[in-house]
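Look at the two complexes coming up: chain A is in both, with chain B in one and chain C in the other.
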Partner chain A sequence: MTDHAPQPARHAARRGDAPRAGAAARAEPYLYLLPHALLFFVFTVYPVGYGLYIGMHRWDLLSSVQSFVGLEFFRNLFVPGTPQFDFFWRTLLNTALFTVVSVPLLVAAALGLALLLQRPIFGRTFFRAVFFLPGVLTVSVMGILWRWMFDNQIGLVNAAREALTGAPPIPWLSTEGLAWVPIVVGTVWWTVGFNMTLYLAALSNVPASLYEAAALDGATPGQQFRHITWPLLAPQTLFVFITTALASFQLFGQSLVITAGGPNRSTQSVIQYITEEGFTNNQISSAAAMGFVFGLMMLIFTAAQFGLMARDVKGTS
Partner chain B sequence: MRRITPLLALLALGTAGAQKVSLTFLHGFTGPDRPVMEGLIKKFNDTHPKIEVRAQAQPWATTWQQLPALVASGRAPDVAVINEDQITGFIARGAVSPLTPAELSGAGISKSKFFGPLFATADYKGQSYGVPISSVAYVMFYNKDLMKKVGLDPAKPPRTRAEFLRAAQLCTVDKAGKNSTQAGFDSKNLNTWGVSLYNNWVGSRAAYAAILQNGGALTDKNQNAAFNSPQAVSAVQFLVDLVQKQHVARPNSTEEAELAAFSQGKVCMFPSGQWYLDRFETQKMNFGVTFLPRVGGSVRDAAWGGSSHLTLLKQRPGYSADKRRAALEFVAWLSQPAQNLSWTATGSLPTQAAVASNPQFAKAPISGIFDRLGSVYATSGYPWVGQVMGPFDAAWEAAYLGKKTVTQALNDGVSEANKQIEQARKNFQ
Partner chain C sequence: MSAPGTPVPGAQARPRPRPRRRFPREVPRFLLLCVLAALFLAPVYWMLSTSLKSEADAIVSPVQWWPLHPTLDNYREVLTSPDGNILRWTWNSLVVALTFTVLHVLLCALTAYPLARMRFPGRDTWFWFILSSLMIPGIVTLVPTYIMMLNFGWINSYHALIWPGVSGVFGVFLLRQFFQGIPRELEEAAKLDGASSLLIWWRIILPLSLPAVVTLAVFAFMGSWNNFLWPLYTVTDVDKMTLPVGITTFSQRYVTEYGKLMASTTLAAVPALIAYLIAQRFLEAGLSTTGLKE
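Coming up: the complex of A and B.
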């Protein structure tokens, strides 16, 4: 848009039209951009800038002086021994762990379900709805449900396990490591339907003639998937991968409701810690600094992913 | 002020009392308590023709985020309700206006009529900043049928550590019918449990009470975290021993599991928030409610409590004296026994002895704690409640789950809390 739009304006100026019309023509594309630019500045650029300002001051609305502290709150994140250093990186690692575990599951399960539900099986629409529906629940409902399922004493999972194998209950919610199971399983159950829908849409765009031709050549279903479906779905897979990874990095409600970040902060997400620092500890500036650093990391991560996606889309088109 | 006073004088002369003072009132009672509050406000407006209170209810968390901006911009509501875990922070940051003894007595608010620690929740450095209107507390529910079955008198719930331990031991019965004091008791196969302990923040309030009961405190006189004192260690150790040595409380349990166990008659004593009262009454359980026994030690009675306080905020220069007077009149009226009695319909506990002794409560199970309501202590008095309670709850979790020794857990918690306090302190310089 911005590449091409100014061109007529340049032509007009060269042809020596009235300078007034030239100026108007030059301004025109920017006028189209204005509404979005306005919203973008008011709701994105300004808050980010203000957040940076807050992060560099000892900021409290009620205080008469908001003293400038420079990079102190940012430095805290890189000086071992401060609570911010300890917890920021620890919760960031927790979040990264969650992302690494949940994203492949969410992509693979969504693709698997889409492949199953794309076939003309009985009750297809019903099953599509069944897998999509959990996504309409709020995170608190979903969280409470999975907390109950995995409760150490009264959970359905332990009850089923005991009934089937006679094994003693596992304290899921209070064992480091195991506490991730309800969070990951719950998240997959909760959000897989959305990715499944994206894959179903993409699958319906794969020409049936390709499969027919392959079948004539004697390709097995496995080979058809390997050489037709998978490569043609590549752009979709990358898109699903990026959006899911970003969503996973924003983990907040699931671990808050299911484990409250415990035991021993082992399932606390970085956003949850930033919220705690800001609103429980009333350290707004420190939270702003962390939010900024975390945002920057996400930006780099997204840029890298977009680079990959662009390369891939070029390669397949 | 100078510009406004003549105007007010004129108004007062010209309209001779017909002029209404309009007050804004911000509170967080947005649930089933909202209609009760609205009813009270309507009653106030109907009986006070010269004052009109316009109330706004919004979630507490929103209020905590908005109050600084409202106060800083000089648009604070005339009266606001602030809870016990936030109030000292707002006071220390200068958002709340102190209520002088002259103002309190002028409005007819007598500190001594309220439960002492409850009123003191909104005190800071010798001054009062709020008047309590609502209160919740940690209590101990107990199953009367189970107690009777093991030979305990349900009319006399335990009060001391020895009585409590004995009750818990007798109540812990294995599948063969042997209780935990008998030979051959099988702690792996239990039918009923003595007492509920659990790992979340509600569970950790038992440890808070135990520490206070043993003469300890969460913070020292310099407002630094100090919940690793010998009194605190010994009090918390007793609770952890209930799991690890006495086997009368379940390890690795959650609040939901204990709540279910108590509802199903599988545990004798369930310490938790008084807000579960309604649930057990609906279930028609044969239960009693008592004040938390002195499990931590014998220094004093103590239980955790939460509370809401009516406060007057810092206003812009030139704020009308009439408004402040009217605001005080509203605060005084809303905290009076008659109104507080209406407010108990929301599940709140009485804020003053005059209400607790009302015959309406005579047969209510909750009245079992009324003789010790004066021993309910909120976590307030220091501006960094979050920095203390977060690490404290985590320390309880680690000790209860057996991940650390009690001493180690409390030491780690104190060291984390003090690091955070050291940083928070800079905000108040």
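Coming up: the complex of A and C.
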């Protein structure tokens, strides 16, 4: 599928030329693959099976014998009553809520910024850099910064609000529901430049002649967007949408650093709960089982999304 | 001479009315961009501004929009604090990210080479097998890999931060696609001169693939540098921490000392900003090429 057509013929000729095409030459490609393959088996293939094994035992870090319990830890996640059931689904819903709120914002804002910067304008390079720049900060720097911005008493957001409207400060970080605002705003600030860059690349591929023709026919900028830009960007939009949604489901650092998952676990992400269960509560097997179940959900989600993408891309092009 | 010259006056005359019409239309777009840029820079301004204030000035109400009595005390205290060492964390991050990047790029390049340019049984099967691992979410291997680190005795060591991710697969895919586009004639000529395949890989394939190699290296470095979850649990020894984790423990200790907190986040942001300024072109170019692959 990806081979160049002339390759087989060339290759046959080469093989004929070389009389040393013995066992050593035949082993050659495999020697190149070997170092990566070894590490791939140790750190990717093996851990998947090992995780399943851990999840089916009652893992005790202090003991050398681990007792087999079968699917108990997996079943716990589907039988109401255990704390694992309650917190797993609760934090999963938190994460889903974050995804539902943040993804449309991240896609729309990225497209908006890209459209603003599509045509040449004074300072374009500067603006691109400003919108992209927050993305190079680590999640902890970004988190500490936004916790300070939304500080209950003296954060910049409350200060600006008071200066403009005289309203008293809002306790963002300690109010259920409102605590999502700093997390979502911070995440948009942090990652929108990445998607903007993807959109800018896609926009540069739209032929200018289409806009010129449309302008000659008297199409308004709004009509041009609706009938030219938006349909031509559809594959890119779907790609950005899917990758952003998958990234949002991996929410961890933002809520950990900004709100520590609070108040009352209302912003705790599912990954934060899994790590808490495993590394703080020492419930290794339970955490392994949850990791597996959550991973499986992500896998189905990804497969469905990419199936959708393949269909849509085929439909538009 | 006159025939090719005639269209010129017409072509020159045409764009003339444009500047007059374009100017007013560009202004609102420019102003909007300025407002958005100001919003994006506000948190960074507030970080710098707070880091230069004394603790009393940082929390005074009404707020000080500008540091009235700027001081570098916060930076001095943060850099000499007994609770952690920002320079040490930066060094750890640098060693880990550089080692990881070199190993990762080398391994990916070695693997991508036969996958792109040799024919052998099982080639495509292996390629699709490792590629399919991209579908496995990281959370699945988190706990088992952690237990493996415990068994290897790698907790609190650079090994735990470097090895588990080195055999990543996206880089193999990226380099294989690029290697395939290199003309075969160059390789054939070197072969006639008696060059071994390893020499061809090192002297021809890698140099010609520099854009892809640099893109991969930038991504690998950024990924390792910004990694947070994994080092948070595999390194608990303060001296072995990387910058993102160290700075978080710092912030838990100084949770109400905003001046120090902002001085430490500023210091933690500096290496990333410098790296961005150096790698800016590669970063955005890399993003646009990898993102657009259909």
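Odds and ends about this structure:
Just so we're on the same page, the second predicted complex is superposed on the first by the 272 of 317 C-alpha atoms of A that agree within 3 Å, B and C clash if a C-alpha of one lies under 4 Å from a C-alpha of the other, contacts with A are read in each partner's own complex, and residues count from 1 in each chain.
The rule we apply is simple: contacts are C-beta pairs under 8 Å (C-beta built on N, C-alpha and C of every residue); 3 or more make two chains touch, one makes a residue touch a chain.
This one's a predicted model, so the numbers in the text were calculated from it and none came from an experiment.
Contacts of A:P83 after superposition on the shared chain: chain B is touched, whereas chain C is not. With both complexes placed on chain A, chain A has more residues touched by C than by the other of chain B and chain C.
Of the two partner chains placed around the shared chain by superposition, chain B is the only one that A:P171 touches, whereas chain C remains out of contact.
When the shared chain is aligned, chain B comes close enough to touch A:L62, but chain C does not.
When both complexes are overlaid on chain A, the residue A:I271 reaches chain C alone and has no touch with chain B.
Of the two partner chains, chain C is the only one that A:W146 touches; chain B does not reach it. When the shared chain is aligned, chain B and chain C each come close enough to touch A:F279. Annotation: chain A residues 61, 148, 151, 153-154, 279 touch chain B in one complex and chain C in the other.
Considering their complex, residues 2, 4, 6-8, 10-11, 14, 26, 28-30, 32-33, 35-37, 39-40, 42-48, 50-51, 53-54, 59, 61, 113, 116-117, 121-123, 126-134, 136-141, 143-146, 148-149, 151, 153-154, 156, 159, 162-163, 189, 194, 197-198, 200-202, 205, 235-236, 239, 250, 252-253, 257, 271, 274-275, 278-279, 284, 287-288, 291-292, 294-295, 298-299, 302-303, 313 of chain A touch chain C. Against chain A, the residues of chain C that register as touching in their complex are 26, 29-30, 32-33, 36-37, 40-44, 46-47, 50, 58-59, 61-63, 107-108, 110-111, 113-115, 118-120, 123, 126, 130, 133, 135-148, 150, 163-167, 169, 172, 180, 184, 188, 191, 197, 222, 225-226, 228-229, 233, 243-245, 247-248, 251, 258, 261-262, 265, 268-269, 272-273, 275-276, 280, 284, 287-289, 291-292, 294. By the touch criterion stated above, chain A contacts chain B in their complex at residues 58, 60-63, 76, 82-83, 147-148, 151-154, 171, 173-174, 260, 262-265, 276, 279-283, 286. In the complex of the two chains, the chain B residues touching chain A come out as 61, 64-65, 68-69, 71-72, 89, 93-95, 199-201, 250-254, 256-258, 260-261, 384, 386-387, 390, 394, 397-398, 401, 403, 416, 419-420, 423-424, 426-427.
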